[in-house]
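Down below are the structures I want you to see.
Each of the next two complexes has subunit A plus one other chain: subunit B in the first, subunit C in the second.
Entry: the complex of A and B
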């Protein structure tokens, strides 16, 4: 038993740490060869700048702002995508009607959506609109394919035995659809954070991480830019982690 | 396991020479420069080389190429970092930032101030006559953390007008909002989503000609008012970078100095010709060049020695507002080129 846990530990923690170590070492070596902070600051300096940012109140306001915007836009996208995927699962024609629209949304260049939204919306709203539009087809397709996995025979059977709707929902649909939908949500959520930040950079949104990244770019302060970048990675990681925890809880519950 | 070790060592083997090579290339190029690149950002700064572009001015012993770069300060930085440019126009404070950031690896000197402020506050309400009247309103500006933003804040500070970065200002303060560039701000001004904006030429003329906006304030005038000077502030300057600063290229820089001075008169006298020349060279500015626009650009070629005082006081103001806006410290005397 003890042997197994140490093996798991090795597999899940040690190897990823080795990977991280290789990355940081390469970064460190590259930075010391280039030896110009404006081009590539060392990881030590970048983390130092991040820790300095921790003490600033504007830093936390910006992180909170970006997090809030991500969650709001994700929720909008999520509600629309799940509603539409369920409707189109139940009514086949709706699915056919939606299909060209979804293809359209998926193939419009991200930058076109961003540039047009910047002109149409206020700069606090534009990032949310942009990432909601771009995340929607990803979530919609993910949810639709999860719904396809449900065995139609079991649905038929439950219909035959007149299983009440809510029991059907909790004991049949959710357990089936849940885990794979959560995988979609997990990748959608961190993608959403990246989009929000990109849009914030272009929109100069007040109280946003993107805005401060833009400013550190203007001042050629690459170390601080990387500090913000590390924070953005941590934020994405944190959100993914929350979803993983929820996923585990659902699997246990199932 | 073996596979992993193999992959890791492969990655290292590939990456290390690449990094080493990156450091070596510029050094090899340093031995001879007869190729000279003179670059200016798109927009008004391009006016500063219009005559030279038109005549393809050359100096004996050198092959000089002129170019207009689009993409704002990011493109300027990229050009500097990749040794693509020997003389360029940049916002004066960006030059100071580069001077501080490149210390020890590359020399950069200010050779002349060429544009005083070409920034203006525009709006559709022509009745606005004092900044006080903008209280409770939102002023959109380009260039967050850069010249337009900092000088406007300085002016408001001096006039003791309260301001805040917000889209919901109270009645006793001005709200400031940012846009990444004029191309985003112009449609919003046109549609009425934005009422007041700080823009540079030639975007200012565009709003006046096409959207019925008025030039409400010149930041230059406001600056003069609060600093009690008459010169305005030196917004953009010519910088020389790297080997061109070696003594053997002194004649070239003198020649450039004379040509740039001639250029100012030439542009003022030949606006149409200047526009044609610039458009042929990739100038992406859809406004007819007229004397009014040119005069709003406040183009004047003042050599570093003469401009030094106004530049130092300008940079000190920026430094006091936010030290990072000049790169963390005020440049010392060797920042100013002595011909």
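Entry: the complex of A and C
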């Protein structure tokens, strides 16, 4: 038992920490060699600037603003993608009708969507529209393949025994679709944060991480820019972590 | 139960054309036939799970349960939860359901597996759970679609014995399809062999009868084996 616990600790905590250590050391050595904070500040300096930002109220307002926009746009994309994937799963023609649209949205350059949205929408709204549009095909494709996980033979058995719809929904459909959908949501959420920040930079959205990153760039304050970047990574990691916890809570049969 | 002038098509292919069959109540009727002859379609017609033309003449209302060739257990539910899943809407009282499920699992000698997930069960044990499901669900007809397919002879014999023990309690009408002649001889009150396209009855016994004959005794073999095997081979 003790042996198993130590193996799990080694696999899940120690090795990732070693990887992180290698990355930070490489960064530190590179910063020492370049020795020019404007080009590459050391990780120590970047973290110090991040901790300084923690004390500022505008920092938290920006983080909250970005997080809110990210969640709103993700929810919009999630609702549309899940509804359309279910409809196209049930009605094959809808799937065919949607396929060129999905291919189009997937292949159109991200920057085109960003620039067009900046022309069409207000600065506060544009990042949400942009990330919702770009995240949609990823979620739609992910959910569509998750729906294939539903075993038609189990559905047939349930129908044979006249199992009511809501029991099928909670005991069959959601548990079968859930795990791979959560994986899609997990990657979609962190991708969404990156998109929102990119769009905020270009839209110069008020109370946003993107805007402050842009300001840092203008002032060539690379250390603060990296501080904001670390915060963006932490934000993505936090959202992914929430999904991992949900996944562990609901998947108990493997 | 009479199946009268049954017609069923898949596209342009006639599966059944004016097909007639008598299924005796409270007996085990076994339908033998090659793959693709329409055995499973016949079960779907009997259980009203497919559209067809024709008539099923019956004097009592029917409720169905089924054993499929695969276990068809929900991977995310334990054995108990799998059985409760199909029972909840038929039996409201939770304690009653719990008692019934435990009792049935005990009869099938798998009570110790009650909290196990399907992925941890062997094929034979999984099929026992599927049998428990069919017998737990309040029904008067049990449809069985090659329920012992792919099982080792030892496991199959044990399952057939357990099936009998449970069936003897209520003697539901059983309709089972298979392509294993030995299974048919071992289990059937009545054997029907179907062949050709559209399907027709090539051979049909009357009710074979007494329980004590249903044990691969010399009589069964002497009376039916050669006739059934030769007819079956011709289909």
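Rule of thumb we're sticking to: the second predicted complex is superposed on the first by the 252 of 254 C-alpha atoms of A that agree within 3 Å, B and C clash if a C-alpha of one lies under 4 Å from a C-alpha of the other, contacts with A are read in each partner's own complex, and residues count from 1 in each chain.
Definition applied: a contact is a pair of C-beta atoms (placed from the backbone, for glycine too) under 8 Å apart; a residue touches a chain by one contact, two chains touch by 3 or more.
Remember, it's a predicted structure, so these values are computed and weren't measured experimentally.
Asker: With the two complexes superposed on chain A, say which partner A:48 touches: subunit B (first), subunit C (second), both, or neither.
Answerer: neither
Asker: Of subunit B and subunit C, which one touches more residues of subunit A?
Answerer: Larger number of subunit A residues touched: B.
Asker: Name the contact category of A:29: first (subunit B only), second (subunit C only), both, or neither.
Answerer: The answer is first: A:29 touches subunit B but not subunit C.
Asker: In the overlaid three-chain picture, which partner chain does A:154 touch, first (subunit B) or second (subunit C), both, or neither?
Answerer: It touches subunit C, and subunit B stays clear.
Asker: Between subunit B (first) and subunit C (second), which, if any, makes contact with A:164: first, second, both or neither?
Answerer: Only subunit C; A:164 stays clear of subunit B.
Asker: With the two complexes superposed on chain A, say which partner A:194 touches: subunit B (first), subunit C (second), both, or neither.
Answerer: Neither partner.
Asker: Per the contact definition in the header, classify A:215: touching subunit B only (first), subunit C only (second), both, or neither.
Answerer: Only subunit B; A:215 stays clear of subunit C.
Asker: For A:176, select first, second, both or neither according to whether it touches subunit B, subunit C, the two together, or no partner.
Answerer: Once the two structures are laid over each other on A, A:176 reaches subunit C alone.
Asker: Using the superposition on chain A as set up above, list the residues of subunit A that contact both subunit B and subunit C.
Answerer: Common interface on subunit A, subunit B vs subunit C: nothing in common.
Asker: Touching subunit C in the complex: which residues of subunit A?
Answerer: Contacts found on subunit A: 151, 153-154, 156-164, 167, 171-172, 175-176, 251-254.
Asker: Which residues of subunit C touch subunit A in the complex?
Answerer: Residues in contact with subunit A: 47, 49, 64-66, 68, 70, 72, 74-77, 81, 85-86, 88-89, 117, 119, 133, 137.
Asker: So in the complex, which bits of subunit A are touching subunit B?
Answerer: Interface residues on the subunit A side: 22, 26, 29-30, 33-39, 118-119, 122-124, 201-204, 206, 211, 214-215, 217-221.
Asker: Quick check on the complex: what are the subunit B residues that touch subunit A?
Answerer: Within the complex, subunit B touches subunit A at residues 8, 11-12, 15-16, 19-20, 22-23, 73-74, 77, 81, 97-98, 101-102, 105, 143-146, 165-167, 177-180, 184, 187-188, 193, 324-325, 327.
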